[in-house]
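Structures given as structure tokens follow.
In the two complexes below, chain A is the common chain; its partner is chain B in one and chain C in the other.
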Partner chain A sequence: MLFTTFAILTVAGAVAAMSFRNLVHSVLALIAAFAGLAAIYLQLGAQFIGLAQVLVYIGAVAILIVFAILLTRDKKVAQQTVSFSSWKLNGVVALAVFAVIAWAIFQSPTLQHEILPEPQVSMQQVGNALMLRYALPLEIIGLLLTAALIGAVTIAISEKYEKHERRERE
Partner chain B sequence: MTSLTSCILLSSLLFVIGLAGALTRRNAILVLIGIELMLNAANLNFIAFWRYHPHSETLTGFIFVIFSIGIAAAEAAVGLALIISLYRHTRTANIDEVISMRG
Partner chain C sequence: MGETADQIFVILQHWIVAHAPGILQPILAPLLGVIAIIGVFALLFAVTTVLERKGLGRIQNRYGPNRVGPFGLLQPIADGIKSVTKEDIVPQAADKVVHLLAPVSLVLAAFSLFAVLPVGRNMVLANLDAGVVFFFAVSSVTEITIFMAGWSSRNKYSLLGAMRAIAQMVSYEVPLILASVTVIMATGSLSTVAIVEKQAGYTGIFPHWFVFTPWGFAGFILYMIAATAESNRSPFDLPEGESEIIAGYFVEYSGFKFALFFLGEYLGMFAISGLGITLFLGGWSAPFSFLTWVPSYLWFVGKLLFLIVMFIWVRGTLPRLRMDQLMNFAWKFMLPMALINLITVGIWHFMQQGILRWLICSVIVIASYVLLGRGLTQGWKLEKRIYRFAE
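Then we have the complex of A and B:
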């Protein structure tokens, strides 16, 4: 029952995020979808993932998107309408994809099994796995995040500022 | 219908919504939001299969989602930086109006 509620919240948030005309409203709907997903993760017994979802997606990604929207404010985009024909065509393509996936899901024999008890994951287990077995991937992801941070600043830095810096150096 | 089936159906629905949005919307930021939704659908799949696997104590899907969230954060940061840089050059975030590769 709880699962159905959160699933409806998630899907409604996702649909609203993709169909609202105002960009800030779509980000608010996106936050609702992320929160619903976090609740589903908590319900599936993945507490750490649920909290990471709240921290990373709602706390960082959504706020970053809001900043990007405010920085790229465009008068035309606010009034621009999505043409009905492209919605129709892409809706048909998306529904066809969903129909194929749903057909495959219901055909699959691996989904017919007994109900398993909820797995108990302690933070100690997660920490052990990250520090021992998955230590190298963890280091690589740290390097990737550092590179992405520096890259993002380098890409987004104002060119005027760059030129000014260069002139000062010369 | 088992709980695993409903989880996978929810994740495929999320994926399809993200796909339709990324294909339809013309604002670069909304395309990025659609991609984020598709990534989240994949994460939900990993968690659902981890939860209903008989050997869930190996934590494979769980750890995979942790790394996937990290990569999604890096992707969002670089993607939004690219959009801001694009806006500074062309004064628009509409991907249909960006028709030239010259800066």
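Then we have the complex of A and C:
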């Protein structure tokens, strides 16, 4: 019952995000889909993933998309609606992809095993695993993100210098 | 006797649930908690509006509201009637659905923050394993509601205010969370109940609150500054600067929707102060060991009122920051200070108890404060301002 509600919320949000004409409406619909997904995670007992979904996707990614839309929007692009020339062909492609994924899932050997007891994963276990066993991947991801951050700042700064130099040359 | 007074609300809840029909029982217990939270904090909101207007009035040499009821104490009722009966004006160009959804979802998010705050012994709605993460996850939803309000109004001042608010909240969320991480490192738990229990002991008559350690003191100050910025209060009230962008993201709101925004903002402030109390000020525990007979929820409310008074005092005292000052302060002072504070907790945790631990941690905190403060003020020309008056 609960699962159906959340699933409908997620799917409806995703469909609305693809079909709204207004980009900001699409983002808001996408947030509804994220929230539905987070609720499903929480219902399945994955507290950490559910909360991280809210924190990262609703709190950060959605804000990032909003900023991207508002800062880069061109009036011409905003008026243009995305239309598919042949929706029949697209439908066939989508169905084919769905069929392949469904087939792969049903063929997977994990379904043949008997259902394992539900693992109880506490926040503490997740933290211990990240800090002890997976410390190196975590550090590497941190380094990568820092590099991306510095790169973004560098790009933002160099524009200013170029303008300054050009003015000096003139 | 003291035990009963302390647990009276818990006993009352159990009594009501036990006397309800069987089918209702599983829903009734959380429902009563929700009703209590909504009732108590909405009442606290009413009290705070009077307190704030009176306090600001006194700071500015006026009386404040003094006409409705004794000493103007019934002012919130008059305000409530006014906001309910006022016409709800929605701009013609506005996006009507989003315009309505924004204040509603803000208030919803603000109320759900209280679910993980232990307001008294055994008085928490949801004792989550990851209570602190829940709090920050839900409070990050308020940013999107502010954007919804600013964008849907189709007013450039609204949008400017919303963008300022989001930029500010994103910047100050980092030091806010880093300051709270210190406490999580010290307790080794993300559960708010466990954090309060860890601070429950006493040495002599003094409590083991985290604010009474070098890193806890620095963390508490950082937390409260970031909390002020998160709740958009003066001196960080650029998103709502009346003199610059009329009132920011809720310019186009009137009547009851405006009241909802007002409510949501104050609830956010209460919740973030409540988490500060939980993390650093020992939650519901008494400040001295001989005062433990006072019911625990009274201590929580008392601490909350104390922090609210501090907020009002700061609002009446400090002028508004400029945008560049705001961002410089967040990234060049708050963030490095919070990171150094994290290292300080680590040192504190692994050193033996004693005077040496206190000495080393205090030196680190004070030295980093002085050096970062010097770095921030470098290049500032601080000179006496000369005022010129019209003759």
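Please note the rule applied: the second predicted complex is superposed on the first by the 134 of 170 C-alpha atoms of A that agree within 3 Å, B and C clash if a C-alpha of one lies under 4 Å from a C-alpha of the other, contacts with A are read in each partner's own complex, and residues count from 1 in each chain.
Just so we're on the same page, a contact is a pair of C-beta atoms (placed from the backbone, for glycine too) under 8 Å apart; a residue touches a chain by one contact, two chains touch by 3 or more.
Because the structure is predicted, anything quoted here is derived from the model rather than measured.
Q: Using the superposition on chain A, tell me whether chain B and chain C clash or fit.
A: On the shared chain A, the partners fit.
Q: Quick check on the superposed pair: does A:A7 touch chain B, chain C, both, or neither? Answer first, second, both or neither.
A: Touch status of A:A7: first partner only.
Q: Let me test your reading of the model: by the given contact rule, A:I155 touches which partner, first (chain B), second (chain C), both or neither?
A: A:I155 contacts chain B only, not chain C.
Q: Report for A:L28: first if it touches chain B alone, second if chain C alone, otherwise both or neither.
A: Only chain C is touched by A:L28; chain B is not.
Q: Using the superposition on chain A described above, determine whether A:V15 touches chain B (first), chain C (second), both, or neither.
A: Touch partner of A:V15: chain B, not chain C.
Q: Is A:L132 contacted by the first partner chain B, the second partner chain C, both or neither?
A: Once the two structures are laid over each other on A, A:L132 reaches no partner at all.
Q: Between chain B and chain C, pick out the one touching the greater number of residues of chain A.
A: The partner with more contacted residues on chain A is B.
Q: What is the contact status of A:L144 with respect to chain B (first) and chain C (second): first, second, both, or neither?
A: First partner only.
Q: Going by the contact rule set out at the top, does A:A60 touch chain B (first), chain C (second), both, or neither?
A: Once the two structures are laid over each other on A, A:A60 reaches both partners.
Q: Chain B and chain C, closest CA-CA distance after overlay, in Å?
A: After superposing on chain A, chain B and chain C come no closer than 14 Å at C-alpha.
Q: What is the shared patch of chain A, the residues that chain B and chain C both contact?
A: After superposing on chain A, chain A residues 48, 52, 60, 67 contact both chain B and chain C.
Q: What residues on chain C touch chain A, complex-wise?
A: My answer: residues 98, 128-130, 133-134, 136-138, 140-141, 143-144, 147-148, 151, 159, 163, 166, 170, 188-190.
Q: Quick one: which bits of chain B touch chain A in the complex? Just the residue numbers, please.
A: Spelled out, the residues of chain B in touch with chain A are 2-10, 12-21, 23-27, 29-30, 32-34, 36-37, 40, 43-44, 47-48, 50-54, 56-57, 59, 62-63, 65-67, 69-78, 80-85, 87-88, 91-94.
Q: Which bits of chain A are touching chain C when the two form their complex?
A: On the chain A side, the touching residues are 24-25, 28, 31, 47-48, 51-52, 54-55, 58-60, 62-63, 66-67, 70, 122-124.
Q: Under the definition above, what is the set of chain A residues touching chain B in their complex?
A: 3, 7, 10-11, 14-15, 17-19, 23, 26-27, 30, 33-34, 37, 40-41, 44-46, 48-49, 52-53, 56-57, 60-61, 64-65, 67-69, 71-72, 74, 76-77, 80, 82, 86-87, 90-91, 93-95, 97-98, 101-102, 105-106, 111-113, 115-116, 118-119, 121, 125-126, 129-130, 134, 137, 141, 144-145, 148-149, 151-153, 155-156, 158-159
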